[in-house]
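Chain nomenclature is as follows: A, B, C, D, E and F, assigned in order of appearance, with residue numbering initiated at 1 for each chain independently.
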Amino acid sequence: MFFTDGKLQYPVRVETPDPLFARALQQAIGGVEGEIRVAMQYFFQACGARGNTKFRDLLMNTAAEELGHIEMLATAVALNLEGAPLSIREEVAGDPVGGAVLGGINLKNLLSSGLAAMPVDSDGVPFDMSHIYASGNIAADMTANVTAEATGRVLAVRLYGMTNDPGMKDMLSFLIARDTMHQNQWLAALEELGGHEKAFPIPNSFPQDQEQQEFSYAFLGFQQDGSDPIAGRWSQGQSIDGKGSFKAGPTMAMGQKPTLAPAKPNSGAQSEQM
Amino acid sequence: MFFTDGKLQYPVRVETPDPLFARALQQAIGGVEGEIRVAMQYFFQACGARGNTKFRDLLMNTAAEELGHIEMLATAVALNLEGAPLSIREEVAGDPVGGAVLGGINLKNLLSSGLAAMPVDSDGVPFDMSHIYASGNIAADMTANVTAEATGRVLAVRLYGMTNDPGMKDMLSFLIARDTMHQNQWLAALEELGGHEKAFPIPNSFPQDQEQQEFSYAFLGFQQDGSDPIAGRWSQGQSIDGKGSFKAGPTMAMGQKPTLAPAKPNSGAQSEQM
Amino acid sequence: MFFTDGKLQYPVRVETPDPLFARALQQAIGGVEGEIRVAMQYFFQACGARGNTKFRDLLMNTAAEELGHIEMLATAVALNLEGAPLSIREEVAGDPVGGAVLGGINLKNLLSSGLAAMPVDSDGVPFDMSHIYASGNIAADMTANVTAEATGRVLAVRLYGMTNDPGMKDMLSFLIARDTMHQNQWLAALEELGGHEKAFPIPNSFPQDQEQQEFSYAFLGFQQDGSDPIAGRWSQGQSIDGKGSFKAGPTMAMGQKPTLAPAKPNSGAQSEQM
Amino acid sequence: MFFTDGKLQYPVRVETPDPLFARALQQAIGGVEGEIRVAMQYFFQACGARGNTKFRDLLMNTAAEELGHIEMLATAVALNLEGAPLSIREEVAGDPVGGAVLGGINLKNLLSSGLAAMPVDSDGVPFDMSHIYASGNIAADMTANVTAEATGRVLAVRLYGMTNDPGMKDMLSFLIARDTMHQNQWLAALEELGGHEKAFPIPNSFPQDQEQQEFSYAFLGFQQDGSDPIAGRWSQGQSIDGKGSFKAGPTMAMGQKPTLAPAKPNSGAQSEQM
Amino acid sequence: MFFTDGKLQYPVRVETPDPLFARALQQAIGGVEGEIRVAMQYFFQACGARGNTKFRDLLMNTAAEELGHIEMLATAVALNLEGAPLSIREEVAGDPVGGAVLGGINLKNLLSSGLAAMPVDSDGVPFDMSHIYASGNIAADMTANVTAEATGRVLAVRLYGMTNDPGMKDMLSFLIARDTMHQNQWLAALEELGGHEKAFPIPNSFPQDQEQQEFSYAFLGFQQDGSDPIAGRWSQGQSIDGKGSFKAGPTMAMGQKPTLAPAKPNSGAQSEQM
Amino acid sequence: MFFTDGKLQYPVRVETPDPLFARALQQAIGGVEGEIRVAMQYFFQACGARGNTKFRDLLMNTAAEELGHIEMLATAVALNLEGAPLSIREEVAGDPVGGAVLGGINLKNLLSSGLAAMPVDSDGVPFDMSHIYASGNIAADMTANVTAEATGRVLAVRLYGMTNDPGMKDMLSFLIARDTMHQNQWLAALEELGGHEKAFPIPNSFPQDQEQQEFSYAFLGFQQDGSDPIAGRWSQGQSIDGKGSFKAGPTMAMGQKPTLAPAKPNSGAQSEQM
């Protein structure tokens, strides 16, 4: 169950409204690296968590924080749009900047929402909830969360570099710090789950003697000329999960040329296929 | 540039065609944890890789392998569908199994593709390429790849448990082994990039003195009653990136109650909003 | 800013887990009439509300409630899935019910989420945030919210009729009551905005003398034989907004046969089009 | 069955082609508030209407009109695009307006359709038919239609304010008038269905003694500090459906902390979850 | 501008309602081979047609027919759903057929639309208007239309084979005949545009001396072992457009190993990439 | 199984990076006429091909080529983006071109991928795999492939006309030539399948005496005034499939006014509908 206090987690100020930056901020709301994604991902992972309930609590607590981040960013978008023009003025030919602004924003921020934020990305594409990864495997979920916060911080850093507005830079410096914490937080959760050697390969509940172990730590090459694939930490030494040793070399087809049965009568194929 | 040899990487055999299992296998083709996703993700990451070219080579090599995995699974789907009925027989009332089969498959596998695989998931939803994470940050990409292989192996293990067909179990035991390798491979790449202490927080190129460091390692609580959030590795000790110490406690709003300007005239709002 | 207490707003009990009903409940989570939709719709409307701040507060308060409804339903889905089979047993031919269950659920609830809820509808289609209507016009938003709660209560009533489980019926009887309240609540907000005669036509800020008033209250007929369109309250009497009188009759084209210029050279058209 | 006369319902003239305005008009074609949506929504509601057939007739008649509106807008888009540049001229550095135009249009209007309209919104996102609300409940459908026309008129008013072209303003003044009528028309249909007191709560066929009536007219507060929620028409007085009295106050969790069973063996979870 | 007469183009009768067949028919409404697609494709092609207006008239005339086909199929779906159960009866364990029916339909046809048709495919996926191909090139459009009618007739034939209901077979035998006509109609339009030798390669307005003619009629082999690609009509003889002669053989890379510049400072990449 | 050599099929050079052109090139990667579409379409058609295996080989060979085209275009996008600004400079008001560039690109190419290509179209919309047509009917598939290459060449020609960069023009002149070949190649495959008279109507396996032959070659008119539809090759003479003669004339409804049963009790409809 959720509660609100009607306030923002951290101050949101815009000194010079910039409609183009409003468009960019939309990526942090409705982009695949954005805040809707993390809020809903942690929420659904929490709802489906089985086993030790501390992970449910950890996830739902952070989901609550991320909801507040959407709110901060949505406020920032609305404030940045307050300077946007509503019409293509007659003088547009003589005032290219005006035209550039209208051409450069997501028009839906004007036409659909009346100068407010929307759950879309920086090109106006709506967020699609298939991006909520909640696998039922707690280690896979924690890994997905590290990824989400890594791409999220990359995005926040790009936004930070794009603006000169002191209010926006201040807000982003807070969000970047929270992404630092959240990357560490999910890595810490993976450590509680045993780290690389206990948690991997994910899922750790599958008996590895049932997999084709000849291929479990082999770096196979798919170079057309049959040469070895590029060498690196992945081609020699102990595997990261501590359960094997990397080996490397070119590979070739072990399987057949596939053949399917002819098409069935009445299956809508051409006669020649039957 | 790509080449093909017309053969399968590993043998694909189906002893007893099972249309319901064909539907389940679709998840491994067109699901968000499936093979189209990894093939295209590694491909686009390779195409956009900047810096040391060994990562481009590593990524494109593995993209080539994953294309072959789509091919294996598509063959498996087609072979499993060869036993599917094409019509609702008159006797369906007296033969519930027949009806259950037609009701239980993705009908598009019959109506749209004529008993062949499609780039859709196990509920018939087409794969959407927004799931291709290629961030331009090599460490974020490697983390995303560990996630992709973790969820991919979880899926393959679930499919393995769902079938009794020896051919299918053999194929899946190979794919599970490859997922083991690929999890390790991307973790190894992260190790080459310096591991937790050098690569994190991602991106490592942002000067941390520009983030609000007070919040960079703080586990904030959002419990309605103001209690502390659940304790764990994430609430005390050195941070995983080695650059701070975790602390924890409840939090409260630092920001204002947000206020937006009244709606502009001619903005399509109600008069009362202006 | 949001807080959680880790509990459910109302008890969620499942006496007899039913995987088919879990699938049906998914519609109330990720369907276009579902709880993600209302939670996010009220949230974004609140964030973009301009004018009297009481509407922001009203909206955000109810957004918080709806987040708790998603949580209740996600718990209900997970509990109902606890009885689902994980494998296609050898005996499926002799036990059609087993096959029907696996065929009848969203396979992603098993393969992707490990027997937990997902942000998808009852056919496994992910929720798409383009369904969040937040127009920047407070009266249009309130109308959209009445619609959301009307279709939401229709759905909840259908789910209520579909199950015999006492726990599920109890939970739904609560959600149906809340939908009753929320329909009334948004209608009450429309009343505060002046009701039919002050709020309509939406937006009420557009001077009606700039519209083609000859057509503002005319019920036009598009019957191929030129007959009058079906009569009703909409074809005579005062208009509902009190600003005109309905009239009715057949219509015919007032505009031209459209003609476009020939295709430009170099525009990728056929030569014959230029 | 449908017929056409090859003409436009109302004249469409463009005096000064404006590619940016063409982009904006796309929202009225393929946006969620656009004409494809209403045409198809009324069409599908008509096809599924059960009960008094006058509603089927009313709906299909208006669907026919809306198809003509798509045609008008598609013509307007094509005419506005006739001035668009096809190439990034060498002089773009010295002629920023040229670059702004190409940058400001939906490039698909040029690259995919050759300077013609497409079923996409103003940011190039294709219309998705999940926006067709046809619930099988005639009162819910009428409410959805008021919403569609309310957001549609808001959009048309915004477009009207954005352009100075007399032909475009004339066309929009007609479409705005039709939206006025259609809002009134669907409100009139709701009045025929009994208005607020007979039609609500929707569906009116569910016996209210089966809902948890204690919560049917209660405005619950979800303020973190336990304070009362914002007061208004929704917190006191008779409910709008005339079947209860509003009351208001803070609320708290009535349900349990949710607990799910441990993960099943072979379910792809981590060992620690089992 | 469009008109309706409220009747169906051809009789629609269902003798024995079959909810599973209703689900299959949904593919012919909202599938990518379905009637919404052709109706809207011809409509948008008509609206954007430049050059000889006879093609606009041809396209809009057929768009009107296809709208009537959606209406027929939507009626067929609603009639087939009239036998569907609304609840999971207590006796489901003892009556597997009942469970199979509920499990086998698109639940949205019950939960969202109340036993009526929806603009979705046979797996409940909504139609997405990006499938409307209207290229601005009249020959490309006609080719796309042949494709649409070819896949449409394949689908109709599959549906015909799936049902035993005389009414449904009669309706489908009409729709199959119309698909025969429409395939021929668009092929005839291509013949009017000059057939293979005048219309191809599409677009015929591009001067072929500006393409790399060495590769214009060469069937290149991408076999890993450097062998010749499979021979056929495509590897020798005059090209179908009459403008060259086919030749065939293996190929190899002509381009470089791609190298991108290092990542820019402040671009969110890892330090190592800069 | 697939292999790579790490090189580009044809040289990719960019003399003057142009971020707007990078955006346009995205259409050729992730647009519905783009290279992902053809690569994956041929791949899935190959995997599902039944009957003569030469078509599988033909399709998979060309799929390999198209994968290389995605690689070329992705490289071209990254090279064109190397000149893009990363920030909204203070001087934007005085330097409208800078603003126009940031406003004119897909911001995701900057914010999500760090100046690299993505699997999205020129307006930032991700590619959706429902566009992969693989029907199980080899003639329908070949027709779909002609369409894909026709719209693909139209797009490439538009891109060629949009740029002045010699490197980009050279790359596109190669891709245009390949589209010429591929149009011819698939037309040649149709010729091997018997051409118009043997392959059409598709599918050729359905006995035409089971269709309503009265309507198989009739060009029906849907003009509101009952006039004849526009005449052309499609209204007289032998049909293109050689199996009938075209005839033409107006048509009228043969079917009934549709009537559905009243809504069922407990179906969520209004009482008045039951």
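In the analysis below, contacts are C-beta pairs under 8 Å (C-beta built on N, C-alpha and C of every residue); 3 or more make two chains touch, one makes a residue touch a chain.
Chain-to-protein mapping (UniProt): A, B, C, D, E, F = Catalase.
Keep in mind it's a predicted model, so treat the numbers as computed, not measured.
Shared contact partners of chain A (Catalase) and chain E (Catalase) comprise B, C, D, F.
The chain pair from A-E, B-F or A-F that repeats the A-D interface, sharing more than half of its contact pairs by residue number, is A-F. As a whole-number value, the distance joining the C-alpha centres of chain A (Catalase) and chain B (Catalase) reads 10 Å. Taking each chain's centre as the average of its CA atoms, chain B (Catalase) and chain C (Catalase) sit 28 Å apart.
For chain C (Catalase), residues touching at least two other chains, in rising order: 1-9, 32-33, 47-48, 50, 56-57, 61, 64-65, 68, 71, 75, 78, 86-87, 96, 100, 103-104, 112, 114-116, 120, 123-126, 128, 130, 135-137, 139, 154-155, 157-158, 161, 202-203, 205-206, 222-224, 253, 255, 257-258, 260-261, 263, 266-269. Chain D (Catalase) makes touch with chain C (Catalase) in their complex at residues 3, 5-12, 32-33, 54, 57-58, 61-62, 64-65, 68, 71-72, 75, 78-79, 82, 86-87, 114-116, 125, 128, 130-131, 133, 135-137, 139-140, 143-144, 146-147, 150-151, 153-154, 157, 160, 173-174, 176-181, 183-185, 187-189, 191-192, 196, 200-203, 205-206, 208, 210-224, 229-230, 232-234, 239-241, 244, 246, 251, 253-258, 260-261, 263-264, 266-269. Those residues of chain B (Catalase) whose C-beta lies close enough to touch chain D (Catalase) in the complex are 154-155, 157-158, 161, 224, 266-268.
Here chain A (Catalase) touches chain F (Catalase) in the complex through residues 18, 20-21, 23-24, 27, 31-33, 96-97, 100-101, 103-105, 121-125, 154-155, 158-159, 161-164, 222-225, 253, 255, 257-263, 265-274, going by the rule given at the top. Chain F (Catalase) contributes residues 1-9, 30, 36, 40, 43-44, 47-48, 50, 56-57, 60-61, 63-65, 67-68, 70-71, 74-75, 78, 112-120, 126-130, 132, 134-137 to its touches with chain B (Catalase) in the complex.
Within the complex, the chain E (Catalase) residues that touch chain C (Catalase) are 1-6, 47-53, 56, 86-90, 92-93, 96, 99-100, 102-104, 106-108, 110-112, 114, 120, 123-126, 135-139, 193-194, 199, 202-206.
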